[in-house]
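In order of appearance the chains are A, B, C, D, E and F, and numbering begins at 1 in each one.
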C-alpha cells in the first residue's frame, strides 16, 4: 500500500492514516468544517472536510486512525487531499495510533538514565528536591510529550530528547567556564520546558490547551515550582527559589519572545543560549536532510524565514 | 526651619530628613559610597556620601531619619546636596519616618469601603473567593504600599488609590458595554497590581526586592493565585482560574512591557486600557500641577519623554 | 429566497444583492476585471467579473442592486461566488440599496439629542462656535456615514454611534478626574472623526476618496477648523484654536498611526485613549458575537491579528 | 576685544553679545533660572542665570544685546560661561542684534530673482496662483527666517537659501527624468517649508511657537493652502489642490518623521529625497569645515549620530 | 500569433517563448517540479511543470526558447499557464533568446562614451587606475547585465543604464555643492553595482549565483578592488583605497539593507542618495506607465508596498 | 607607591602610568585638548589635558609611559584625574609599556599549540591552506592583539584566548551534532576575528584604524581570503572559498550588527552562536567578579544595559 510521501498529484488512493490534527472551524456560511492533518510514518498531508455534522466532529478527533479514500491535489504550493470517503478504522484493522507516528531517535531508557545521573550532580538541596519532585510528578508525560507542536522536536518523546541534548551542552560549557554554577544550570535545563506537558494536549493530535494559550508554558512551570515549595515546605522567598524561578522565566531571552523578565543572572543567560542552539540545530538539520548538496531548503519559519544552503564541500 | 523645597543654590543648612533611598555602590577606586535620596514633606534631594564604612552603611539605611548638615548645589541640572555632616536623629528628636512622607489624598477607610462593596458585585464564586482570600492575606500591605517606586501613585497608600480609581472607570465601562463580564473585570482590577506588595520593599525607602527584580509583580500575583487555589481547594485547571490568571498576566498589554502573553479575552484588553488611563492621568496631572498655564512640563519618562503643555484656555 | 449567509459550497443560486464594492483592476493580460463585494442583510461575499467592458464597468457600480445568478465556491479559505449571470434590478423589483444594508443599533434622533445636549456643556465660546458650525455644515453626512470602511462601526450611522459612545466615556472620566477640561475634551470627541465625511465616499459602496488617500481624515478636519475660523472671524493664532486643532491632529496617539504630532496636552492624550477603547470594544464585541463560548474568534486585523477567546465562565 | 571663539578655559572677560535663547525654567527648589545662549559673529556659548526675578526675566529676552562679564568654564565637555555681571547694552553702545548674527552666504536679491524666475515655469494655473499668493503673503518672513532652529540652514535667510538649493536639484532631475511634472515639483519645493514662518518665532532668538509645537510646520502649510483656496475661490476638492497639499504633507517621507501620509505620487517622493539631500549636505559640509583633513567630526545628531571623516585624499 | 500580454483567461494557445526562470523544487511528495517563468517581448507568465524527470530538468533551462502549448488560467490573482505540451525550439524556428527579451532604451555605444568621458574627469590617479582596470576586466558583462533580478532596471544592459543615470545626477550635485570630491563620487558611482556581474548569473534567465546569495554584490566589489590593488601594485592600506572601498561598502546606506558600514564620508552618503533616487524613479515610472491618469498602481514591493497615484493634473 | 585602584577622591599623587588612549579633540573655543586614559596594572583612569600644544600632542601619544602628578576627582559618577604635571618617563625609570598592562590568563605557547593541533583536524585542503596561510602571515599580531577595544577580551593576547575558547565549544558541539562539518566550523572560528589585527591599532593604546572605522574587521578578513586565493592559486569562485567567506561575513548573525549577509549555512549559524556565548560569558564573568554575592553589577553596555545579579546560592 502506498504511503503519504509516495502520492503524486492526481493520484486517487485508499490508505489507513492517523488524524494528527482536527480543527473545527466556522465557514463564513455558518456551517462547520474540519481542517484535518493526516499522518503516517512517511509524512503528513492536509485536507478539509466541508459541512461536518456534530456527529462527525465527535467521531473524527485527533488521535483516531481512519480509512481514507482521497485524491492527491495541490493547493497554494502545498499538497493536499480531497476527501472522497472517510471512516474510522475498526479493531480488526491496524487502528493503533502508535503505528503511524514519528519515532524518537533515542530510547526512553537511555534518556531517563542520563537525566537521573544529572540530578545527582545538583548539589544544592533546594534545587535538587524541587527538580526531583516535579520530574517525578510529571514523569510519564515528560518522556512522551513532544517539545513543540511544530518546529523542533515535534515527535513523541521530543521534550526529553531536547532536554538531554541541552544537558550535554551545559556540561561542556561548565567545563570550559568553571565560574558557572552547574547545579543551577542543570536544574534550569531540566525544568525549563516542563510546562509543555500542560501547555500541549499530548503526544498525539497535539494542540495548545486553554492554559497553553492564555498562560503559556513559561508561567506554568513557575506555578509548579510555587506549589512544589508548598508541598515540600520550602521557603518561597528564599534566594534559592527566586533564582531557580528566574532561570525558567527568563529562558526565552527577550520580552518579545514571551519571557516576562530578561536574564539577569549568568546561568539564565546561558540557559537561553543553549536552548537556542539545540532548537535551531534541530530545525536546520531537519530541513537540510531533505535537500541534496548544492540545494537550498525551504524558508524556515523558526529561523526568520531564511533558506539554508547545503554545501557540496566536505 | 527651612524645608527641602525652599533651599537655594549655595545655601548651607541643617535639617531633619528621612532617608528615602540609600544605594550602596562601588566606586571605580574600589571604595564604597552611598547614593542618598533625602525626603521631607516638601520634596526630595539627592546627595552622595563618599568612602562609606561598613558601619556607616549599616547605620544609614532607607527609612531612617537623620540630622543633615549640608550645602545645596547643582549637578547636571538637578539640585543636590553636598553632605557636610550626618547623624541619626535621636529619640528626643522628631525621628519618626511618617513625619516626612507624602500623604495619600484619600482616607484608607473610604478606599476599603469602596473595595469591599465591589467584592459583593463579583458574582462568580471562584473569583470572589480568590479575590477575598488574597486581599485578606495582604490586607495591611495593600493599603500602605505605593503603586510604584517612582512615576505614578508613588506615595503611601498609592496602590489602593490606583486600584479604586480603576474600579470606578471599570464600572462606567461596564454600564456602557453590557457585554463585558463585570465580575471578571473587577476581579482583574483588584488583583492586577497586588504583586507590588512583594515586588517592592515597602512604603518607606521603597526599593525593588530580589523577587521584584528577578520575577516581577505580574508573575508574583499569578503564583499567589496558584497557592490560593491549593488553599481553597479550587481546581487550578478550571477555566475560571485560567481566565483570571490571564487577566493578570496580560495586563501590561504588550510582551515588550513585560506581559508574558498578550490580552486574548475582551476583559483583559479592557483591564490593560484602564490601567493605562489611570497611570497616565496620574503622571500628567502631577506634572501639570507644577507648572503655570502657558508653560510646558519637564519631559515625562513614563510618557515617552513628552513635555506636556498646560493651556491658558478654559 | 436564500440569503448570503445560508449559502453552502457548490450551491447554485439566484438572489438580489447590493454591490458594496466594485474595484476595477487591470489583469496582467491587459484586460479589466471587477472585484465585487456583494451584500445583503445577512452578510457579504466576494466575486470577480473577468473581462469587463467599459459599459459594464459603468453599469455595475457600488451602490447598485443587482440580480445575481452564481455558484458558491471557496478560494483561499474564503467563500466566494463564481458569477454566472448578472443584471441590474429593475424598478419593479426590490432595487433600493437600503434594503440590503446593515442597520445601526441606535436611532438617529437619540444620537442627535445626546450630541446637542453635549454641545451646551461646551462653555468655551470659541470651541462651542466652531463645533456647532462644523456639525451643522456636515449634519447630513455626519449621521449617515460609517466610522470606517471596514473594521469598527462600519455601518450606516456608525460615525455618530462611535462619537456618542466616546462622549459617554469622556463624561465619566471628567467626573473621575476633575482636572480634565470637559469643554475641550467634548469638542475633541465631537470633531475627531468628522473628516471621515470627506475621507470616505459615503455610506453605500464605501471607498476612500482621493482626498482620503492623499490627505487623510485627520488633516481634513484641521483644514475645516481653519476655514471655520475664517468664516466665524476667529483668530486662528489664538491658543483656543491651536489647542483644539491639536486635539484632532494628535488623536491617533502615535506618529506611526498617522498623527503628525503626538499628544502634548492632557485632554489630547485622553481623547486618544477613549477612541482606542471604543474602537477596540466594537471590534472585539463584533467578533465574539459570532463564536460560541469556548471558542476563539478569527484573527482580528485591527487588534494586531490576535484571536480572542470567549469564555464559558460567567 | 575678544570674541566668543577665542575664549580659553578660566578666562575672565567682558564683551557685548546677543541673547540667542533665553529659556526660563523652574529649578527643583521652586526658583526660576534663565538658561541663556549667547552669540556673537564667532560662535555661541551657554550660561545659566540662577534665581532670576520676574523683572530680570522680562528684561533679558532673546534678541537683546547685553554687556556680559563672565568666566569661561567647561561643563560636561561643553564650554560654558559663569555669569558674573550682566546688563543691557545702551543705545550709545553697539546694541543692534544684526551685528552679532551669522550671515547668509547668498544675497536676498539673488534668491528672490531665482525664485521668481521659477514661478514663471509653473504652468498649471491653480498651483501658480496658490504659490504666488502664499509667497507674497509671507514674503518678508520667507527671506528672513532660518530653515531650522538648529541643525541645517540655521541662519538668517536660511529658509530661502535651502529652498533655492532644492530648486536647482529639482531642475536637474526634471531634465534627467522628463516624466516628472516640473510644475508640481517646483510648487512643492517652494511651499514645503513655508510653515516654518509660523512654526518658528523669527530669525532672532529662534524658538518654536505654540503652533509650532502643537501643530507643526507641515500641517500649517496645508492650512495656508486651504485658506488661499478660499481667498482665490479655487475648488478645494479639485485634484490640483489635493495633489499639491499631498506634496507638502508627505515631504518628510515617513510617518515616523511627522508626515501624516507617505508619498503616493512620484513628485512627492522626489520632493522628499531632494529635501533630504540638501539638508544632509548642509549638515555634513558645516561639520566637515570645522575639522582638518584626517579627522572626524563630532557626532551629528541630524545624521543618526554618525561622525564623518574628512579624507586627505584628493 | 498572439503575444503573452494578449492572452485572456481560458485561452488555449501555442507560441514560442523564452524560459526566463526555471526553478527546480522538491514537492512534498518527493517528486521534482519546475517552476517556469516564460517571457516574450510583451510580458511574462508563470507555469508549473509537475513531475519533471532529470532529463527534462536538464533540457528546459533558463535561456532556452521553447514551443509552448498551454492554457491561460488564474491562480491567486496572478495569470498563469497550465502547460499542456512543451518542446525546445529547433534551429529552423525563431530559437534565439534575444528575440524575446526586453530591450534597453539606450544604445550601448552612447553609454560607453559617456562613461569613458567621465573616467577622464577622475583626476586622482589611484581611483582612476582602479576604476579603469575593473571596468576593462568586466567590460562585456557590464554592458549586458541587468541592474537587478527584478525591480528596477531588470533588462539587458540595465546595469550600465542605471550607472549612467546616476552619473548625470552626480554631476549636477557636484556643480551645486563644490565641496564634493567629484573624482571620488564618480568612482563610487561607476563601481558601486559592478558586483552584480558576479552576483547574478547573466542577462538571460537571471538568477542569483551562489556567491550572490552567500556574499552579496557589495562585498564582491570590495574583493575586486583588493585584487586590483595586488595587480596594480597599489598599497591597499593607503587612504585612497580605504576611502574608495568605503564608498562601495556603505552605498546601501543602512546596515539593515546589507551595508556592513554606514556612510561616514560625505561622498558615500551622497552616493547612497543618488542610488536611491534612480532606483525609485525607475520603479515608479515603470509602474505609472501601466496605469491611466486617475488610477493607482499595484503595491510596489521595492517602495514599501505603496500604491502610487497617477494624477490627471498637468 | 600607590596604584590607580587605590586612589580615593581628593588624593593628590605622583605615579608612573601608561598612556592607554590619547584622543586629541577640538574644544569649542578652537583650542585642542587631549582626552587621556591612563593605565597601570591595577586599573584605568581618565583625565583631560586642556590647551595642548602641537608639541605636547606629539609627545604624549598612546603607548608612552609618563610620570603623572595629579589629583583624584569625580566627574559624572566616574573617577577622573585632574592633571597637575606630566612628563615622559626617562630610560632610567620604569618606562616599558609592558609593565603597566593587563596580562592574559593563558600562556601564548599553550594557545599556539592548541590552535596548531586544530589545524590538523581541518581535512578540507582548500580551507586548511587558507587558514594556515593567513595565520602564518599575521602570526605575531594574532597572539598579541586584544579581541576588542573595550568590552570582552580587551587585553594583550585576548584575540587568541577568545579564539581558543570558541574552538573548545566548537569541538563539543561537533561531538553532540555529528552533522556539523567540523573542518568548516574550525576554519571559521580560527579566521572569524582575524581582521582585528588590521581593524585595531595594536595591543597598546588600542584605537580603531581608518580601515577599522571605514571597512570593519568582517570585510577585512574577506579581503584577506581573496588575496590568499591569489597567492595560493585557489579558484575564488569555487564553492569551498565562497562557503568559507560566508562563514566570516555572516558571523555577527544579523545585518544590524554589521554582517552584510545573514547565516545561510548551518555552520555559519553555529559560529555566530559560539561567538555570542564566549563574548557574553567573558563580559558577565568580568563584571560579576567585581561585585559581592547578593549585589548587582553595573549596567553592561554589551549586554543591552542589563545589570546582573550575583547570587549567594551555591
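Definition applied: a contact is a pair of C-beta atoms (placed from the backbone, for glycine too) under 8 Å apart; a residue touches a chain by one contact, two chains touch by 3 or more.
By chain, with names taken from UniProt: A, B, C, D, E, F = HD domain-containing protein.
Not measured: the values here are computed from a predicted model.
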| item | value |
| --- | --- |
| Common touching chains of chain D (HD domain-containing protein) and chain C (HD domain-containing protein) | B, E |
| Where chain A (HD domain-containing protein) and chain C (HD domain-containing protein) overlap in contact partners, by chain label | B, E |
| Where chain C (HD domain-containing protein) and chain E (HD domain-containing protein) are represented by their mean Cα positions, the distance between them in whole Å | 43 |
| Inter-chain centre distance, chain B (HD domain-containing protein) versus chain E (HD domain-containing protein) - centres from mean C-alpha coordinates, in Å | 59 |
| Numbers and ranges of chain B (HD domain-containing protein) residues touching at least 2 other chains | 76, 210, 213-214, 239, 243, 264-265, 296, 309 |
| Pairwise touch network: line, ring, star, complete, or other | other |
| Contact pairs between chains, per stated definition | A-B, A-C, A-E, A-F, B-C, B-D, B-F, C-D, C-E, D-E, D-F, E-F |
| Residues of chain C (HD domain-containing protein) defined as touching chain A (HD domain-containing protein) within the complex | 5-9, 43, 45, 72, 74, 76, 78-79, 290-291, 295-296, 309 |
| Contact set on chain E (HD domain-containing protein) toward chain A (HD domain-containing protein) in their complex | 26-31, 50-51, 76, 210, 213-214 |
| Chain C (HD domain-containing protein)-touching residues of chain B (HD domain-containing protein), taken from the complex the two chains share | 124, 126, 165, 168-169, 172-173, 176-177, 179, 181, 183-184, 239-240, 243, 262-266, 269-270, 273, 276-277, 280-281, 284-285, 288, 296, 303-304, 306-314 |
| Touch list for chain C (HD domain-containing protein) against partner chain D (HD domain-containing protein), complex | 198, 210-211, 213-216, 218-219, 222-223, 226-227, 230, 236-237, 239, 242-243, 245-246, 249, 255-261, 264-265 |
